[in-house]
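Just so it is clear, A, B and C label the chains in written order, and each chain counts residues from 1 on its own.
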Amino acid sequence: MGIPILSVITFTPLAGALLLLLIRKDQEELIARLALAVTVVPLILAFVLWANYDQAAGGMQFTEQHEWIPVLNSTYTLGLDGLSLPLIVLTAVLSFLATFYSNFTIKERVKEYFMSLLMLEMGMFGVFLSLDFVLFYVFWEVGLVPMLLLIALWGGPRREYAAIKFFLFTLAGSVGMLLAIIAVYLKTDTFSILEAAAAQPFADNFTYAATAFWAFFIAFAIKLPSFPIHTWLPDAHTEAPVCGSVLLAGVLLKLGAYGLVRIPLSLFPQVFGYYSIVVPILPVLAVISIVYGAMVCMAQWDLKKLIAYSSVSHMGYVLLGICGGAAGIYLGGDKLSSANLALNGAAMQMFTHGITTGGLFFLVGVIYDRAHTRELKAFGGLGTQIPYFYGMMLVTCFASLGLPGLIGFWSEFFVFRGSMGTIPLFAIIGGLGIVFTAGYILWNIVQHMFLGEPKERWAQLSDMEWWEKATLWPLVATMLVFGIYPTPILNLFNTAMESLTHTLLR
Amino acid sequence: MNLPILSIIMFSPVVGALIILALPEDRHTDIKATAAVASFISCLGSIYAFFAYDHTLGGIQFEEQMRWIPGLGVSYHVGVDGISLPLVLLTGIIIFSGVLVSWVRDHRPREFFAMLLLLVTGVFGTFVALDLFLLFVCYELAVLPMYLLIGIWGTTRKEYAAMKLTLYLLVGSSLALAGVLVASVASGLGTFDLLELAKVNFGPAFQAAIFLPIFIGFDVLGGLWPLHTWSPDGHVAAPTAVSMLHAGVLMKMGAYAALRVGVFLFPDGARQWLPWIIILTAVNVVYGATVAFAQRDIKYVIGYSSVSHMGYVTMGVATLSQIGLAGATMQMFSHGIMTGIFFAAVGLVYRRTHTRQIPELGGLVRKLPFVAVAFIIAGLSSMGMPGFSGFVAEFQVLMGVWHTYPIIAVISLVGVVVTAAYILRFTYMIFFGPLKEEFQDIPPTSTLEKVALMFMCAFIVGFGVLPQPMLAVIQTGVSELLAAIR
Amino acid sequence: MLGDTTQNLALILWQLSPELILLLTGLIILLVDAIRPHQADQGWSPYAALAGLVVALVACITLLGQPPATVLAVLTLDGLALVAKILALVSVGMVALFSGPYMQEHSRHQGAFYALLIFATLAITLVAGASNLVLIFLAVDFLSITSYILTGYLREDRRSSEAAIKYFLYGAALSAMMLYGMSLLFGLTGATDLHAIAAQLGAGTTEHVTVLLAMLFVMAGLGFKVAAVPFHQWAPDAYEGAPTPVTAFLSLGPKVAGFAVLARFLLFALPQFQVDWTTLLLSLSAMTMTGGNLIAIWQKNIKRLLAYSSIAQAGYLMIGLVAVSGGGLASLLFYLAVYLFANLGAFAVVLAMSRGELGEQIEDYAGLSQRSPGLALAMLLFLLSLAGIPPLAGFVGKVNLFVAAVNEGLIWLVVVGVLNSVISLYYYLQVVRQIYLLPPTSEEPVSIPRPITTTLLIATAGVLVLGIYPSLLLPLIETAVQAFFGG
């Protein structure tokens, strides 16, 4: 195709932000509408890409490559494959919905808000599409500042603390990553991610490979987030404004997961595998994230914080799946199919979690808007008073739990099924997480919010507005439809994962 | 080339200073206008020179040479290459912005602007000099106006800071002078010409002995730890425009001279000592950042931040690699502008709020949005955020260092994180949060101040997004220098 | 024969013309002063002195191109002597110029004062050319005596008399020492002519120690004249107590004389002992620079400060002597010229400030930049030149000296020299600080008499021009000195 569609997707939000810059800041409605219009473009293009991606061929498509910084040997290279495509769609959808929702909820400093939102969108797209290390790093960093602003300026009472903590934690990880990138460059003489993966740097030297691996891993694990470097997340999520949380949980966390597959797994599969099965530090972390995350949820009575910890727990599944896949690759032979399955599950979980947690945060926004509290114990009997909300919340929660028939089921199933074949012990322990998840969903949320006696206080609560419904329905629909028929998404992930495992196993 | 552009750039400020001294004390506007015109001519000249430089051809361009003191072998010999040209540009930008930012200064403006212009002549001269005697004259020419500028128009402990700065810098430059004299005589050529001396092959033992006093002597001005202590006090005490020049340009003068004289003339000595010096630079980076974090006075924060960021410069030089040196030069330019913005912003805030204590400030973004944005841009660049010139610089330095001294690279990353921490924290504390009662009525940013800030920000963002023009120039200079010292 | 004699006489007259002119001038001033009534206005005397000095200067300049010659067997007329004489004449000329108002205010006997000044200058010119031990001693003593009288000239002022006594006592002792040293040399060689002494010693001598001793004593006497450490003790008190114009004179004249004759003495009479006297001078130089600079830091009186500064400057000048084989002599003379303008300029400022009894403490200079910006700027330039900051002449002068030293491999001396420059800057800046940084105690501008303004302009021009374009003077000195070494 002649049109550099990936660049258009990435830079349209930037163009939009610059356009907004020119508008006077009191023309709030114009700004909000324009931002929304801008986000439509990547949304449409994302679906166009989906339709045009050749699944039979697989591999990187729609690639663009230009000279960028010759002195550094860095090129401007974008590309899309089965792994990044659903994530691009996810990003575009969530960004669109967030912008839509914000049109109705954000009243203060509108111009800066929407500019930040658009810049963030650009950063996210860029990370998923970059095939050059330097470019990847640039977009990675670029995404930090808008999120920082979103939290710090429109967030809750402890927003400065949360914002700075978020920024510093992530930055600390990325500087380590920067060094690792340089090390890889010096070894392979290229900044191209694909070429580096093909070259398999340090394959002969375990110590170097391990050092580089850990540098990358830590950076991405902070973002994931994985225990024990997850502590920035609860604060950031709780204090962020609604749409900040949606994008943070919905997309930003996936940057970490995506990064894990694209870089450390592709470049250092043996090391990844080693630490997945021989000295299984990684699965241990994953499992702790899952179980500990879920257990902490049970003790949470702030709804937002609860969902935050649930993210820790759910992203643990992703890590578990990737570990399972790595272990399989390491073991080779007949373990390969399990590896495939685990990786597919992990990738699917990325998509699923994005949809479900995005939805959960929107719903939190809905209830907070009305009740001005997130204290679960303060609620009660809302099921009868705001049934629409109840229904949506129920679906979303169960999807996040992994109830069969909803989207979450498939991802968790594949993660477990795949990991069972390679790292069975951890798969089983991880399974415990589901029990606790069910626990907190049913007890903390459903029981306390919706069941029981209705309270005086909430007698006047209004149900969802049209625009709130409009925001949630696409997500809920996805949960339902793909819950029953996950094949389109699964196939996409599968093409990517299969080619990955095949190339890695040499 | 017909127009002696470098001499014009260099002497326009002196001519301006002389005219200003001749004006009556009370003609404030005329004085300031003269200063603005003189600095604008230099600025314009430096921009022209930058874009007119043919980087495919490389080498020394815009060369001028005239006999001066034949008895000593001294000539007036100037020229720029890929390394000095960005610094000339930097000086032009900063002096022009500095004059604009100082427009409201009404206490003895005549001497102030005359001294400022005299100072900048010395700076320009140092960067373009190709004769060591001329370099020294210009180098030291810059020191004395500093003393007066800080001592008369400064603030906190100005006399102490001014004297400390002057003495420190003079000790450093005196040592370097001694070294240079020895080298010139030892060469047997009876000349002070840099290019001639560079062709001489001094013995390795001689080089090792002479490199250290020259490099360290000059790099005192570059803020090399532990000889940096003059810098924070100097930064804090100096008036705004002087701080901008001080941190933005003067410190680069030291690092540049250390490179141009120390490394260029005595590469074997450099190769011997730099592996030790690089350890000091790592301390610069981390220590500077850590101490900055603990400060309450915003100017001290920026002062220590300068110490930290200058560490990257010497670090890059110490790698003696193409990319490390390129990063060092880029960092000189980038940090120069960035710190110019910082000090300008701080100066504007101080002028209105009369306090520099961070806990006493807050919420200023509502009253001074322009200043806030400029500050944030500079802050992001200082953190090494992509999209700003600081990233391009630090990335290259890190690449250079990682290749040869990986541990140092890892250590300096701590500096990066700490830098981000204090930048974020202080940006928030100064510009966001609640606005104090007493700041409700502070005047907004004036047009001149906006122009100065925007002018500087344009370069940070411009070269951050499109670093190619700058990098091309720097690359030629660096590769030629490296080729010459092989 | 008669024609020859006449021609010779004419030649000798010409060669001695500066001295003769000075003698004449001095006598005329004395005479006129004696004739005129005491109450009459004596404002003419400085200008008479100045006239004589200018004529003598012209005479010297005409002699410049000549090959070296010996006059009357005791005087040498060569590049060194002529340059020294010119420097001395210029210095005293400036002193005569700016001292008028001060002397008018403080003394009733101006005529005698200027006559004495002229005679002192005569002594200097004789010293500069003396190549015979006896003449050296006589001329140096002549200079000393006139200096004592000048120092104590203000008889009503206790400080002036006290200064003179101290100067005299100290001088007498060191003078005797010098004489003793000279007699030792005479005893060893049987000659008083410097070249003859060298010839005698050159034939080999076993009395090495005696020669060293003699050398030491002579150097002590001459070191006293230039106020080198440790023979400097008299200087601070003398400088502070003497009338300011005399202080200015003392800071220049004896130094020119002392260094000229020291160079000649060492190079003509003791060339074989160069190693010895170079080592001695090395330590003397380092001590003088450092001692002078360090003590200057504590001074509160501007004249004392300038005294210690002068002491230190003598140390720098000595570097030229130490490095005499590496072109040090030319750099010494150049530095004297540079120092001349800066130091006399500084004293001119001191004079302008010291109307009445105020103005001798450094704190009296507070806020001068706001009272009299021109005067302040001039002082700034002079002090910076003394410190050796470019683009002023002092910097070029010091670089010159250091290059000569490096040529001789005296790197440590150079390091000491540069570090001392930094130390000196500290105390010079204390004055600058008063002038520029501190607020003035009084708002009125300082009234500067015309002669002082002229002096200031000359000194400022000297300090700036020689700094930016030293080639105006440097080659001249170098050619003059070339011949010296040839001869």
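Points to keep in mind about this one:
One rule holds in what follows: contacts are C-beta pairs under 8 Å (C-beta built on N, C-alpha and C of every residue); 3 or more make two chains touch, one makes a residue touch a chain.
Predicted model only: the values in this text are computed from it and were never measured.
Under the touch definition stated at the top, chain A and chain C share these contacting partners: B. Two chain pairs are in question, B-C and A-B; the one with more C-beta pairs in contact is B-C.
Relative to the centroid of every protein C-alpha atom shown, the closest chain centre, again from C-alpha atoms, is found for B.
Separation between the centroids of chain A and chain C, computed from CA atoms only, is 85 Å. Distance between chain A and chain B, defined via averaged C-alpha coordinates, is recorded as 43 Å. Residues of chain A in contact with at least two other chains: none.
The touching residues of chain B, when paired with chain C in their complex, are 25, 68-72, 108, 111, 133, 136-138, 140-141, 143-144, 147-148, 151-152, 158-159, 162-163, 166-167, 170-171, 174-175, 177-178, 181-182, 184-186. The touching residues of chain A, counted against chain B in their complex, run 69, 71-72, 134, 137-139, 141-142, 144-145, 148, 152-153, 160, 163-164, 167-168, 171-172, 175-176, 178-179, 182-183, 185-186. Residue ranges of chain C in contact with chain B, taken from their complex: 369-370, 373, 384, 389-391, 395-396, 399-400, 402-403, 406-407, 411, 414-415, 418-419, 421-422, 425-426, 429, 432-433, 436-437, 469-471, 474-475, 478. The touching residues of chain B, counted against chain A in their complex, run 323, 326, 380, 383, 385-387, 391, 395-396, 398-399, 402-403, 406, 409-410, 413, 416-417, 420-421, 424-425, 428, 432-433, 467-468, 471, 475.
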